[in-house]
Amino acid sequence: MNRIKKNRYKDKAFKIWGIFCTLLGIVLLAIFIGSILIDGIQRIDWEFITNLPSRKAERAGIWTALMGSVWILVLTTIIALPVGIAAAIYLEEYAKKGKLANLLEINISNLAGVPSIIYGLLGLEIFVRIIQMGSSVLAGSFTLALLILPIVIVSTREALKAVPKSIRDASYALGASKWQTVSRQLLPASSGGILTGVILALSRAVGETAPLIVIGALAYVPFAPSSPMDEFSVLPIQIFNWISRPQHGFEVNAAAGIIILLLITFLMNGVAVYFRNKWQKKFK
Amino acid sequence: GNNKKDKGTSSINIDGSSTVYPVTEAIAEEFRAVDPEVDVTIGVSGTGGGFKKFGRGETDISNASRPIKENEKAIAEQNDIDYLELEVAYDGLAVVVNPENDWVDCITVEQLKKLWEPGAQGNITRWNQINPEWPDEEIHLFGPGVASGTFDYFTEAVVGESGSSRGDYTASEDDNVLVQGVSGDKYGLGFFGLAYFEENSDKLRMVAVDGGEGCVEPSTQTVSDGSYAPLSRPLFVYVNSSSVKNNPKVVDFINFYLDEAPSLLKDVGYVPLTDAEYKEQKENFAAFVEKHQPKK
Amino acid sequence: MRKLKETVIEKTLLSSALVTIAVTVGIILVLSLEAFNFFSEVSIIDFLTDPEWTPLFSDKHFGILPLLSGTLLTSFIAIAFAVPVGLSISIYISEYAPKSFRRTIKPALELLAAVPTVVYGFFALTVVTPFLQSFIPGLSGFNSLSAGLVMGIMIIPFISSLSEDALHAVPNSLREAGYGMGSTKLQNSFRILVPAASSGIIVSVILAISRAIGETMIVAIAAGQQPRLTFDPTVPVETITAYIVQVSLGDVQHGSLEYRTIFAAGITLFIFTFLLNTISYQIRKKFREKYE
Amino acid sequence: MSQNKKEEVIDKSIKKKHKLQAKGVNVYYDDFKAIKGIDMKIRANKVTAFIGPSGCGKSTFLRLFNRMNDYVDGFRMEGKIKIDGEDIYKKNVNVEQLRKQVGMVFQKPNPFPKSIYENVAYGLKIQGIKDKKFLEKKVVESLKDVALWDEVKDDLNKSALALSGGQQQRLCIARALAVEPSILLMDEPTSALDPLSTAKIEELIYELKEKYTIVIVTHNMQQAGRVSDYTAFFYLGELIEYDKSKKLFTNPEKQQTENYITGRFG
Amino acid sequence: MSQNKKEEVIDKSIKKKHKLQAKGVNVYYDDFKAIKGIDMKIRANKVTAFIGPSGCGKSTFLRLFNRMNDYVDGFRMEGKIKIDGEDIYKKNVNVEQLRKQVGMVFQKPNPFPKSIYENVAYGLKIQGIKDKKFLEKKVVESLKDVALWDEVKDDLNKSALALSGGQQQRLCIARALAVEPSILLMDEPTSALDPLSTAKIEELIYELKEKYTIVIVTHNMQQAGRVSDYTAFFYLGELIEYDKSKKLFTNPEKQQTENYITGRFG
């Protein structure tokens, strides 16, 4: 009897501990975001967004970096999306059980775990050097596209898997070919899931710093890229650059930049979660 | 990559010293007000890194915190690159410690050498090894990375051979690493450009250096009159002749640089040359332009 | 005609899938070619045993150990923090919390993983380090402790989310069997569910380790950039990733030894994460078979 | 050679009466033998029911006739399946074409998550037919055939998922009919439906057999008795008994059949 | 107050004969009412069977007696459930203690993925009992009680998952018996088993009722007839009829009951 009471107390204690742990991360993050808001929010105004970099912290803005990030996002999407979705379709709908499918499977799972900086080294050697793209937006986009490719593939496969088998049966039974079934039924039906995965992958890309540093994104670029071959900077690099400066004013800028970057990431995640919820209902 | 060069003439590509970077950045920023059409990009690869690109013809202008070296010259020659060296400012190297450090006020060049020479690596690790009166604590060293001219200059001035140094210190191109490192560490010691110290005088304490003639603190005065020896030096920019030839904006930019440097330098914490010296630089440049610009 | 179209499409899709193989081959080739060049100048024995890493200085040493110890130390701190916390979270969410809470808290936690790592670096440097310094007097401005802890926060969701999935996948019949015997939730969780979900939990931990080892910006910003062979969490260290960033920030001249050092460091990192990923893949495969 | 010739002649003569034919068919899923040496002929314009306990291979066997098992991992077949005397498993058979000829309806109604109209028009559209008029005509016809027209005519653009289960199943049948198959395979088409919808569909089957050869899998003996002309009883992958439904349900030859239809197992 | 007293006295007197008691019990899953106002008393040392069509609430009702529904989302109960006259849903009831008293066996055998020994010893171990000798004794006893001892005695460290389905189910019963409950709830304990294993377990139930009060849910009328002393027929959440099994199966009072047991629906 006593023993059972003790067990119950332990149980209660663990419950409290569990709540504590669950909230720990989130509360720390909230505190941090709070302190960043305090540091940086008053720094954010239209000028901060549209100003070019400056040696004077109070004049410096994030325009170049913001546009660099936008360019990177767009190009990365254009490169990674078709390949990633096509690969996922192949693996999920076409590949037969066997050595090749197995190899692809292991390979993709491994790629997903390769540290991002390694992709930077790959991009440096292949895109920057061998293909001679230089430290351009395009080289950066290719590098990040490879980086998010496994994520796009995995999430697209999940989305395709979620389409009930009965839909495939129905389509094949009506005489549809494989591609007709894929393009007319499976892709539309899984679009919500694919979209979710892609947005999440892109939100990862928008926060990546290390691989772009490795391929040589610049510190001072006082103009927004106007072509894929232009040099560029992105938000996280701009933030990193400001963190690296010893003057306090730049620390404020970094905080303000972080607010913008977090806003973008959280927005993307929010949109993704929204689509996921909307889409999941479809099959339930 | 050198794609930039082919893209037309409205861009100026600069790379090199992180010490000179704030000066050039300031100039570039002001220049934008004069000619907003020109895209000026400035990399921070350190003086050595900058010269490598410059020697390959990838940049129009190279920032340098020391003169070009023979081997770097040779590469430039190999690639048929003709260039001009211009002095633009003076800088002093500041040796800094944590504000809580109450035992060092002045350090001799001998002591610095003992601390930084290659042989110190793994051997000289505690404060009291340099001066028995100093605490028996591990010393944490911070300094610029090997690609920087500051590093070359410091090693040359202190150790006696450029680039010769111990390797077991926090070597970073990222100046905040150095500032944060020393300001967050009671037993830290570091060196970097005077300009950076001035921006952080609240977090760091400067140490006077005894070059053989007594302890001297670096200041605008002691740097420009040369009494802060051996840790003061001139800063340079190098201009590529073909850029001068092909891109009139480069000429505009350099002229603007030499005109505006005296007024802007104070902003960024460096010491200007004398008026006479600036005049000489301008004349040199005018002659260089004359030589390379095709007659219209 | 239609057959042909179908074939062409299939081949196109296949070649997209093969791109992933090309990426892997590319990574391995690039790393090993440059590393090969590196090892033709530096003996592999030195690389593995020399206790100093000073490739950029005149007295050159090429011992990877200091970078490795920095990497392992920060990762260890992160894991030591994130595993107990993450596991507790997963148990709490899957066994204790109401369903509705689970639905909101999981995406919220996953947000922790979505925060760009630069931001975490800033957090470690400007908030955590000064905070820790207030009661650890000897703590340097750059240290593996605060970088590791913040990295831990970042990887918590990897562990909590994947472990929670694994716990969730344990058939309800086992859960009921346990409760039916009079177990408390705690006993049920630790004696039955965690062992039953162990493979999934192990996978999550391995993935988290791999993540920590490969993490770059947090350590580059907050752990310092000084390669030293130490397991003291209060002093500056340098990780493999931070070294690569440090060199990249300067100019890396192709063909120079310093250019090659980042690939030699890179391949070391790659081998570690590759092994971890492979192990986790194998466990996951077994695990999947178990419940299907 | 002459042996083959002879067979062909026989096949031709069968053709009129026997629409479908299985010859020495074995099916394996990896190592598991799901169908064991079945020979069977199925008559044109009749309803043939497959019955048998769960897992006996009814679905597997049914799906051989439109090659729906082809995509199943580990599936392997031996023997011959012929439709109108043509071996549908020989090389170069156009599977898509075959499936147009052999419509199929599944256990769970599985409309596409699209509009009612799109569902019915799908089979035609994938054949490349774009003529709006023609499509509309076929859609209306098919919906009328399954007696769904009156219920949905005002709202053809409504999502098919908004229909009730019984309506969905009739929609699925309409969808199959729209491409004008000659054979209709139905795998437990009413098992997910309420009695009313079931009755409607049974009625429909009765009408459809005028134009189609229908094979239906069912668990419900009463249903088999009501709708089918012939019934085949399967057990553990074997065809145990195959006869006129009346005969089989009232006076089965085999003990196993009797045990099953009297509910002694299954 | 005096009203309460009186009830208590009555409860006490019931205690001997009636082990379990439900009073005005309603159960809701969110808005769905799964149990509708059930009053019922269950006799000690007898076997009581719950029968009824799928979804009628048998499991829900059974699981009220060891509060296994507590963890189900949206579950809500009204009314009283008493064991030996004690309300088990009142505040401060120790649920873990309760469950030790009320053992449960589930439809699908659900041994822990541990050794046979660990499975049986589990309930004792979580009470904090560490005495090796005692544990071993109880394990052997329990395994003998379910007639599994002879089959596994050589290999108590083998994983329980390596046993056959029937053996697993007996193991689960042994596991429940090891903590010495006085009541045994069984939710379709044989529905996943082959006839031979089923027979063994029925036999076991017969023996166990000497010592335990047993409530068993079953779909199999024959089984209910064979093993139970009393049978309760549920329909749509209501208790339709509850009587001696002999009576209920041969001469039910209610038409619904008769329809069900003669197989006219369900």
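Lettered A, B, C, D and E in written order, each chain numbered from 1.
Note that in this section contacts are C-beta pairs under 8 Å (C-beta built on N, C-alpha and C of every residue); 3 or more make two chains touch, one makes a residue touch a chain.
Given the structure is predicted, the values throughout are model-derived calculations rather than measurements.
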Subunit E and subunit A - chains in contact with each: C
Remotest chain, subunit A as reference, centres from CA atoms: E
Mean-CA-position distance for subunit E and subunit B (Å): 84
For subunit C paired with subunit E, centre-to-centre distance based on mean C-alpha positions, whole Å: 48
Subunit B-subunit C separation of Cα centroids, rounded to whole Å: 37
Intercentroid distance (Cα basis), subunit C paired with subunit A, Å: 17
Residues within subunit D bordering two or more other chains: 96
For subunit C, residues contacting two or more additional chains: 2, 125, 184, 187, 249
Where subunit A touches two or more other chains, by residue: 7-8, 177, 243
All touching chain pairs, where touch follows the definition stated at the start: A-B, A-C, A-D, A-E, B-C, C-E
Subunit C-touching residues of subunit B, taken from the complex the two chains share: 15, 43-46, 48-50, 52-53, 118, 121-122, 140, 145-148, 161, 163-174, 177, 180-185, 188
Touching residues (chain side subunit D, partner subunit A) in the complex: 66, 68, 71, 73-74, 96-100, 103-104, 106, 108, 110-114, 122-123, 126-127, 172, 175-176, 179
Residues on subunit C engaged by subunit B in the complex (per definition of touch): 52-54, 56-61, 125, 129, 133, 140-142, 224-228, 235-236, 246, 249-251, 253
Subunit A - residues contacting subunit E, complex: 1, 3-8
Interfacial residue positions of subunit A with respect to subunit D in the complex: 96-97, 164, 166-177, 180, 184-185, 188-189, 282
